[in-house]
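In what follows, subunit A forms one complex with subunit B and a second complex with subunit C.
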Partner chain A sequence: MTVADTPTPPAPARQTGASLSWRQFKAILRKDIVMELRTKEMVTSMGIYALLTMVIYQVALSQAGTAFDPRDIAAGLLWLAFVFTSMLGLNRSLVHEKDQGCLEALLLSPVDRPIIFFAKAAGNVVFLLIVQALTIPVFAFLFLQRADQYGGDLWMIPLALAGGAIGIAGVGTLLATMSVNTKGKDFVLAVLFVPLMYPLLLAAVSATSAAVLGGDGYVQQFWSSMALVAAYDAIMLVAAFALYEFVIGA
Partner chain B sequence: MRQLKVALVMLLIGGVLTTVAFVMAFTTAEMQRFGTVTVDEPLDTAFPLMEVSERGYTYERPWFSQKIFYFHVPVAEASFLVFGVAAFYSIRFLMRRRKEFDTKARLAMETAIVFVTLTMITGILWTRAAWGVWWEWEPRLTTYFIMTLMMIGYFVLRNSIEDEERRATYAAAFGIIAFINAPISFFITRLIPSSHPVVFQSGFATSNLIPFIIAQIGMLMVGYAIYAIRASEVRLEERVDVLKDALEG
Partner chain C sequence: MTQAVAAEMLAVQVRDLTRTFGARKALDKVSFDLPTGSFLSIFGPNGAGKTTLVKVLTTLTPPSDGSAKVCGLDVVEESVDLRERIGLISHNPLLYPDLSAEENLSFFADMYGIDDAANRVRELLVAVELDHRRLDLVRTFSRGMLQRLSIARALLHAPEVLFLDEPYSGLDPHAVEIFDSLIAQIRADHTFVMISHDLAKGLELCTHALILARGKVVLSAPKEEIDEAEFAATYRATVGTGVA
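So, the complex of A and B:
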């Protein structure tokens, strides 16, 4: 819809491939963001879902007693919330495209398939980061009040979250493109997504935990975990990028 | 039909070889002892009580559980290999778009599921005997478990798509991306500290190597037989479908 809004050059001056690709990328990304700004559907649903997860955490931890410090498992709880909300968001971002026939229009337009992948994945990263930014203060407010001091440096937490979000969006975009065309949409996404995410989640929880808890050698733990996150992101982005052309054409 | 005959012969030879390896594992293979273990309370166990002192009750370590090595390891290695075959045919399918490659990838994945299940069962028995627990979230066990879940996911994905070409393409894409976990699971015991043993680094007596190799060859033959028998079944089904269409048309 908003693809038409992008300024078209008056004369079809020959463009270099790179700048054309960049404009196509921006157009698709802008379409997703404009649609989200109009409906506010994804961020609202993901945000409320994250809040509901917090309520369930309260139930789960209600019998733990006062000696138990939620800080010890804060990183795991946070990533659990992000896994569930991201599955919801990934599913929605592709269901819209399919229901409104936008995916077909995208495929008909003379845009390279890898650009569609990177634009969709970038959109999903943006929405994930927004939801994470909204969730963390709420989580800290609800669960980390007694722990008045964070062990590690505060800038480490956003870095770990961003690293995880890139991997989730990369693989997730590929898997969601597949799962919207199946009979049991969200279930299939969960069955494929959770095992593939396992290495990333383990590393991301380890990095976030190091940043939250601090303590001896936490800097070293943080960086070695972040190296794993980066390696996973790189491998999975390359694999998803290579396979996307086949998947979206089928 | 020829493939079916070959498969049946392979099944027979594979079965015999595996049985031979089973007998050899308990007869010719060198018995490996693992020292003793001292506990505070006397145990109700078949393992001999070696010594009672003020430190506690000293038992011989269970050596018997080591015998599962001759089955667990060949089956596990075969599962990685067959999973690799499935990924290979998935890549060929995406390159060539021929239906036969999709069928081969699917059948290889089915065979891999058989081996993975056997690995899990033998492994769980061994951890109960050697570590005293049925399951432990240990790097090798965890990554292998994740691999199993991915294989199950592969079939969940296949079953939820009606369109044949789309099913083949999606399954191939997921098969390839899932296979990335296999090398991780295979090498993880060599990379990070893990309580899962790595036998082939610590040296090996020839009398133990022979039954192991026989079992490995036997298992691979049985694996090929499962794959080929299923393949000839699929071919028969396709012929029946063609004949049905011809009769109705």
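So, the complex of A and C:
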């Protein structure tokens, strides 16, 4: 039987409404995760970059002497690594949509643009959390080898990292969409990303610092910092939700 | 092009459509009508505004001025509803290379909310003779296979109007044959708008033809009103004017 002999099937029944939006969200997220599992582009490049950063920290701090306590700057070092690492990965999340015109095909479908944003941002949160999970043990091994070096509560660290990852993914997905069509997209993303990240970075470093250092009032410092992280995440997600239709159509 | 046709019978209705990029007018007051069930071939030199016109009609680019309706729906105001009723086959496959043929179609079936997606995907893979390669990654496909899968993707949601943006670009003769037979099979149920640089192929397929140059309509007519030799001369002269 040839192609011409094969009848094209009749029109299918279609789903609509909120259940369709949920189905579209899951489909985009699943597609991004399946593609990343196959190519390992984002997690590999981000993971290696983060680990190399840890090694560089170790070399740079090796001459600091015994009086130097790495816990004092541990939170800052970690977030420095995560911010630069995430910039590397976030660009990739949109670049593969541009390949072969896939973004065009996605935009041609009857999907509300904010659904695309939330699905892409959720995927980026997953990838950032994986990189963080790979990096933290290495960081602890290099700089915080003794259990008594943790002054706060260990469970606070993943909470602070997850809160920061949501903010990074939200802002980063929006900015990566804006910069994907520009010539110097890495530069554009960095120039926009770092200033916008500043409030989140301050709060996330403060929360992580409380978790690592402990001390008087560390629980209060942790929760007040986490409240700022949550407020930043909420504001940025709402802003991205409102702007995404314009940004992705530009 | 078809002023006598009632508005409800029109698949595409374009009025004074203008699209600017900075100071440059990619489309300059373009107007035409296309009756339902027709096949419009759009010709013109590179940079004439053909792809911009298709992008506006498929809701991918908003117009700067004027209006356009496809299937009676405004491309700006009713874009989400319109997207359910149109499909695009481009020289780009618009498929994810790191997903299999089946995964690609299933993904787009989810995007269009198609019920019983697995069955629909299988039916279309059989229709384009790619069922035996359904589990293979799209990056391993030949250009012809990509184009067949592209047709399956575009037909998933049974669109009423199909836009073809230089669909023959890069196809070998056998792939052209297969592509032609697929188009012939769905011809009766769809309206087509095709961008082409191949005058003979475009005129062979079309019921209506349009030449664009520098963002303006140079010639627009139903095929029965076209003198092919005269049309070819106009086309050559237009191409000779170069990029818009």
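Operating definition for what follows: the second predicted complex is superposed on the first by the 229 of 250 C-alpha atoms of A that agree within 3 Å, B and C clash if a C-alpha of one lies under 4 Å from a C-alpha of the other, contacts with A are read in each partner's own complex, and residues count from 1 in each chain.
Going forward, a residue touches a chain if its C-beta (ideal position, glycine included) is under 8 Å from a C-beta of that chain, and two chains touch if they have at least 3 such contacts.
The structure displayed is predicted, hence computed values, not measured ones.
Once the two complexes are overlaid on the shared chain, A:192 sits against subunit B while remaining clear of subunit C.
In the superposed model, A:180 lies in contact with neither subunit B nor subunit C. Legend: residue contacts after superposition of the two complexes on their common chain; A:106 is shown touching subunit C, with no touch to subunit B. By the touch criterion stated above, A:235 is placed in contact with subunit B alone, subunit C being left untouched. Put subunit B and subunit C next to each other and count what each touches on subunit A; the higher total goes to C.
When the shared chain is aligned, no partner comes close enough to touch A:121: not subunit B, not subunit C.
Contacts of A:42 after superposition on the shared chain: neither subunit B nor subunit C is touched.
When the two complexes are superposed on chain A, the residues of subunit A that touch both subunit B and subunit C are 249. Interface residues of subunit B facing subunit A in the complex, by the touch rule stated above, are 94, 142-143, 146-147, 149-150, 152-153, 156-157, 160-162, 165-166, 169-170, 172-174, 176-178, 180-181, 184.
On the subunit A side of its complex with subunit B, the touching residues are 171, 174-175, 178, 181-184, 187-188, 191-192, 194-196, 198-199, 235-236, 239-240, 243, 246-247, 249-250.
Within the complex formed with subunit A, the subunit C residues making contact are 58-60, 62, 80-81, 83-84, 86-88, 90, 92-99, 103, 107-108, 110-116, 120, 123-124, 126-129, 137, 148, 153, 155-158, 178, 181-182, 184-186.
Residues of subunit A touching subunit C in their complex: 2-4, 6-16, 20, 23-24, 26-27, 31, 34-35, 38-39, 96, 99-102, 104-112, 249.
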